[in-house]
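Have a look at these structures, which come just after this line.
Okay, so chain A shows up in both of these, paired with chain B first and chain C after.
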Partner chain A sequence: MHVPDGFLDLPTSAATGAVAVAGVALALRGARRELDDRTAPMAGLVATFVFAAQMITFPVGAGTSGHLMGGALAAILVGPWTGVLCVSVVLGVQALLMADGGITALGTNITLLALVGVVVGWLVFRALVLVLPKRDAVIPPVAFAAAFVSVPAAAAVFTGLYAVGGTAPVSIGAVLTAMLGVHVLIGIGEGVITALVVASVLKARPDLVYGARHLRPVPTVEEVSA
Partner chain B sequence: MGAGHGHRLHYHGHSVVHRAQAHHKVLALLGFMLVVVATPVTWYAVFAAYAVILLGVVAASRVPFGYLAKRMLIEVPFVVFAVLMPFVATGPRIQVLGLSLSEAGLIAAGGFLIKASLGVLGALTLAATTEVPDLLAGLQRLRIPAEMVAIASFMVRYLDVVTAEMSRMFTAMRSRGSDPRSPRHWPAMARTLGALFIRSYERGERVHLAMLSRGYTGRL
Partner chain C sequence: MSRRTFTALALLATLLVAGVLSFYASESPDGLEHVAETTGFAAAETDHATEASPFADYGFTLVDSDRLSVAVAGILGCAVVLLLMLGLARLVRRPSVDAEA
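This part shows the complex of A and B:
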């Protein structure tokens, strides 16, 4: 579920739009390092995958369901910069072709799901990977933690935006409690699925997991061209 | 695979709205929605005028209103949120049908619903009347970075391929007695998703190699 039009006021929407433009511009520069001239087709296919993964919903109680955000998953699988680009493109296509998420809220959605979701997920992932033993077995639990933290983090930032530019007089403490409560549950689902997906890719094609690259020897020229 | 022409929301036609330049339509929608969002929530007459303008565009597009109305169901989660707003909002309360509701919450919920509905209907109209290649060309004309447009074009080009692949994998799971939606079967579902990632990534590599062999130099 993405933020629709009219949920946040105009100045807040414009400010998050500026943040989103700056974030995507940075990610474009970074992604060229991750993917070189393969950027367009690779990131495009990964964006398609993120879109498909977002179709997966899971129950969070009281008859409501959450869906996978996929930010931390994308960051761990293809790297943070490419991850930001993929999730941003998914949100843009959803807003323009599927009426999912308001067009004036696109900056807000990119800021929350692409920037906060991916960056928080990646930072948690890297921090834990650096202090834990350098083994494949630690990657899935670390992926769980990264995905789990990224969801309530995005919810907390959303609540902050709502405190600044919300359109209804709601006590911010109540919003924060409700948002965090629901999103901790969604975060558990996000974390479990992210960890299981990363574990399965790590088993079948360990070379494709960007977040586990430091565990592999750098491939030689012969291996790359083989 | 029933991909066919156009994307899922597209409604084939040759009206004025269909023929309008895509970048004009995107700018018009963005400008319209910025004005809508900036309008104070209690200016109901002004919102009625916005609705008349938007419905005029829908009528001019000759897309049946029922076609768009059915697809406005995407809004339902926000309706639920809006319904809750008067219960949780602060400020003076009024009695409606025996329920104690926040007056400010009611006004805010009404305004939010009006704005969100205008946004969804406007975006649906854009999607129904614009083909994907035109939209992508329009985005490029709006100075969206070429790489972002290229990524988006690959995404929409392979969207049906990858989602159809996922639905075939889930059909295979169901025929073996597991339910992809149930947390009990998450391990199987996640392996499926992992396989889908590998297939998507490898498809991207093959597409890239095919492009290189046709003279791709990093620019489309």
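This part shows the complex of A and C:
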């Protein structure tokens, strides 16, 4: 869901640009609490994986494709604030280097994929983790649910933005129905990829899954440097 | 699994995705493009400001082979994202325990 230039008018793009700047600024402050010598390299790995995974567009029904957004994945692996930074860096590189996602739409794309994707994904994840048994086995299915919900949520927010500042006069109801329909399908792919990656990291290095930290004791100095 | 092994495996998997699997990505329009076409606002898209980039649309203009072209763009993109995010994370992170001592 990379919004190109021209879909939204300039005032709306400027407004989402301001939201994106504010969100990233908050994330830069918040990420100080998440990032240390152990988690900073993980943030680099997660951003790079999200960039790579977004290249894999998978078919979802007739003549349509989708790809990972990565907000929920990044939030679960490195924390929500750092997750916002990871996805924002990916979107910036895509827009500037790969001509994927408009330049005037960069604020819109950061708002949708980095802010909405991370916030919705993280809130669903935390809400489910709080009510479900405190076991590792719960984390991948919960990651699926969080990632799944984040995609239609971003699609709905795009439709809201289009209702305010869309450049072509089309039925907003039709846009909303179509956006939710296709993005529920893409959300399944998002959920599957997110659950598989989170499960793999959880198996290899459970201490590196931010969203599962509550399941294990605070790491010792030896573990931190291992 | 040691930290070093984990990092190496994660990077290898990522480069395989960006450099090899990416060639097999679906060519169909993505969800938003599809909706834009079916509901009638696809024509509003304007030219991309960086479409002259040698890596536009995940290719590399100096390479003829499609397979190599997407691999170069994917791996270069990974390198840029990795360096940017590592740099940003180093700037943002708390001082380490050693630095405080």
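As a convention for this text, the second predicted complex is superposed on the first by the 211 of 226 C-alpha atoms of A that agree within 3 Å, B and C clash if a C-alpha of one lies under 4 Å from a C-alpha of the other, contacts with A are read in each partner's own complex, and residues count from 1 in each chain.
In this text, a contact is a pair of C-beta atoms (placed from the backbone, for glycine too) under 8 Å apart; a residue touches a chain by one contact, two chains touch by 3 or more.
Please read all numbers here as calculations on a predicted model, not as lab measurements.
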Superposition on chain A - do chain B and chain C clash or fit: clash
Partner chain(s) touched by A:Leu77 [first = chain B, second = chain C, both, neither]: first
Chain B versus chain C as contact partner of A:Ala155, first or second or both or neither: second
Contacts of A:Ile193 with chain B and chain C, given as first, second, both or neither: first
Touched partner set for A:Ser13, first chain B, second chain C, both or neither: first
Which of chain B and chain C A:Ala52 touches, first, second, both or neither: both
Touching partner for A:Leu130 - first (chain B), second (chain C), both, neither: neither
Which superposed partner A:His67 touches (first chain B, second chain C, both, neither): second
Partner chain in contact with A:Ile103 - chain B first, chain C second, else both or neither: both
26-34, 44-52 or 116-124: stretch of chain B that collides with chain C: 116-124
Common ground on chain A, meaning residues reached by chain C in one complex and by chain B in the other: 1, 4-7, 28, 31, 36-37, 39-41, 43-49, 51-53, 55-59, 85-86, 89-90, 92-93, 95-100, 102-104, 167-168, 170-171, 174, 204-205, 208
In the complex, chain A residues that touch chain C: 1-7, 28, 31-33, 35-37, 39-41, 43-49, 51-53, 55-60, 63-67, 82, 85-86, 89-90, 92-100, 102-104, 155, 158, 162, 166-168, 170-171, 174-175, 178-179, 182-183, 185-186, 204-205, 208, 221, 226
Residue numbers on chain B that touch chain A, as the complex places them: 7-9, 26, 29-30, 33-34, 36-38, 41, 71, 74-75, 77-78, 85, 88-91, 102, 104-105, 108-109, 111-112, 114-116, 118-120, 122-124, 126-127, 132, 135, 145, 147-148, 150-159, 161-163, 166, 180-181, 183, 186-187, 189-191, 193-198, 200-201, 203-205, 207-208, 211, 216-218, 220
Residues of chain C touching chain A in the complex: 1-3, 6-7, 9-11, 13-15, 17-18, 21-22, 24-32, 34-36, 38-41, 43-51, 53, 55-58, 70, 73-74, 76-78, 80-82, 84-86, 88-90, 92-94, 96-97
Touching residues on chain A, where the partner in the complex is chain B: 1, 4-7, 9-10, 13, 24-25, 28, 31, 36-49, 51-53, 55-59, 77-78, 85-86, 88-90, 92-93, 95-100, 102-104, 167-171, 174, 189, 192-193, 196-201, 204-205, 208
